């Protein structure tokens, strides 16, 4: 009997996407709760306020980083779901693993921002990104193997999605290995990779036009 | 006049699903607010940080458990809505009962994690799961009796969904009964059942392939 | 130029519904943050825990009431949007007024629960419900007058929706007037009306079957 | 290989809209967490409660302002997405910039409400609005240039959307320049513009009818 149920369960790609958007939406706004406005009593004039806001800058950058990372993985997941014809129970649970890592991203980012010289914090952060990438990879492999993708998806598209994840994760791992030299070097490297994935390719088609 | 309104109200399955996804999305990320990064002043070196993170482990496991439970019931509800042709006012209110229990799940899970030796906490947790299951069951029965399901739904599908709930709830109840021996045994049993529902069946189709 | 823009703006019923579901979803889970698990240090045994949970009951009832009210108005709004063919800019802003009142509902409910003997708190709560009803009414009137409803909507349906709001709001107002006798009588009356709208009509079609 | 992936990524307008609705939904309800009910111990009678609620008024107005601003930009974004046939990776990232500014709006509004006499606070608030407007503008320009808009969109519609943003942003900038006279004059001016965009045009079609 359970087998029969399992064949029915979790088939809607739309609802999986809607749940993901809800979780991403909350995750992307959660860290903003940490941005507190300066206390009125502590501020005497414009200079005080400007200085208090400048002191918020590290938290703001941290917020930006978390937003950026979630943005990158949202695009990654959305691209995959876009090519799915249907979901199934097992794909749903792989996605849940992915979404769990999404909700933990604000925590890992905050940890790294607080302890930017610590290898432990860096490894926690990297583990989080590795789980995100690993789940995306597992989901895509599963979807292709068990016929969840839309009919007529060219082989090179399926391969491009996989390659993308493997390359990105390799660069992340290489960046983390740099922490034998310096953790801050690692962080700088990871941020650069993320900015590249978010911004850099945007200029290409514009140049083409 | 009200009768006429009641016949019009709550007919959209899509919006019921969207509301559910919103509530599940918030519920699944709410507990992460409890995961606080260690205070910078309290941390002297890498060892301190590693120990502080290890101390967060019980909270993390609690988070995982809550996420898992909500995931299981999300799949359950999604499977049902997937087979509905339309909703109506009464089905909507049964779903609201279900969603109320969803929003309380983080509370019950936290309670059980805090007081893992307490039968009172265990019973609260079990009541929450029982309401979730009971509402799912009531909703499905109602939908079948009043013609909300899609035309041509085979009888064995309708039965499979019911059986699934009854079996799962029976195992939960049996697990809770074990608390006459030990509450921790009960909790262990419930966690195993949940892991089985989430992970175990995933390997079967892979083996078949 | 702005006129031209205004004719284009806010036309999607689907996105208005999606935004509403997001706001309702957050609003319906927000109050659960107030349900704190008892502190472990304060609890010596099962009796202590049972008593601490019993002490949470008023907060739980308050949560239930807020959930119920939002549920009633969610059904009301969903029923309206369901009959709309398209939206426009002005309907969108009427809906924003409605959604603003939705986000304030947890505040009003908490206020009334804290100060259940106070007429001021009762009037704030009633104002909130009156705005919810008023905005729903205004939205429906506007949609009918400016041709946003689906073609072929029978006149009696349009009238039924209006009547529903007028009757419900009249009963609420009458309930509030009872506060010249006793505020608690008013609250009891309002809760009964809400429970009636949520639960009572469910049994009718079952009896018919 | 990455190029190939980039051509596939971020194509769904629907999911972009859903993520936006999630983020707007959370953002629009976040500030309500600041509205605390008065403490029961501090309140002796009806007068005390009325006074305590009156003291909440500035926070309530601040909440209203933030809600209004987000509402205006939600309508703006929705109108654009409504005319898109598809999205692409770069448009997605422009939207992420927009959504980042959305999540920061509660912070800027609170800052301005706290320090209503400060030019620094006013400039931060204005920067936030300028980024919102700038991203909307960039997104629309990009969508038109790279063929993301629906076929047959009249040239004057595309122009009307651009003009709308340019005019609104010019008025905002002019309002901010008034701070050389007085910051409170600037704020008053901005609030009036926002109220105009939200409410004023609603009466026109009614008058026409």
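By written order: A, B, C and D. Residues from 1 in each chain.
Rule of thumb we're sticking to: a residue touches a chain if its C-beta (ideal position, glycine included) is under 8 Å from a C-beta of that chain, and two chains touch if they have at least 3 such contacts.
Since the structure is predicted, the reported quantities are computational estimates derived from the model, not experimental observations.
What are the chains that chain A and chain B both touch?
A chain counts here if it touches both chain A and chain B, which gives C, D.
Just going by residue numbers, which of A-C, A-D or B-D has an interface where over half the contact pairs are the same as at A-B?
A-D
Angle of the rotation mapping chain A onto its copy chain D, from a C-alpha fit, rounded to a multiple of 5 degrees, please.
Fitting chain A to chain D on C-alpha positions yields an angle of 90 degrees.
Since chain C and chain D are copies that touch, is their contact same (over half of the numbers shared) or different (under half)?
Different, since most residue numbers here occur in only one copy.
As a quick test, compute the distance in whole Å between the mean CA positions of chain B and chain C.
Between these chains, centre-to-centre, one finds 25 Å.
Need the CA-centroid distance for the pair chain B / chain D, whole Å please.
Taking the average C-alpha coordinate of chain B and of chain D, the gap between them is 35 Å.
So which stretches of chain B touch two or more other chains?
18, 21-22, 25-26
For chain D, which residues are in contact with chain B within the complex?
Touching chain B: residues 22, 25 of chain D.
Which residues of chain D touch chain C in the complex?
By the definition above, chain D touches chain C via 17-18, 21-22, 24-26, 28-29, 32-33, 35, 37-38, 40, 43, 46, 49-50, 53, 64, 67, 71, 74-76, 78-79, 81-83, 156-157, 160-161, 163-164, 167, 198-199, 201-202, 204-206, 209.
Tell me, which parts of chain A touch chain B in their complex?
1-6, 8-12, 15, 18-19, 21-23, 25-27, 30, 89-90, 92-93, 96, 99-100, 103-104, 106-107, 110-111, 114-115, 118-121, 124, 145-146
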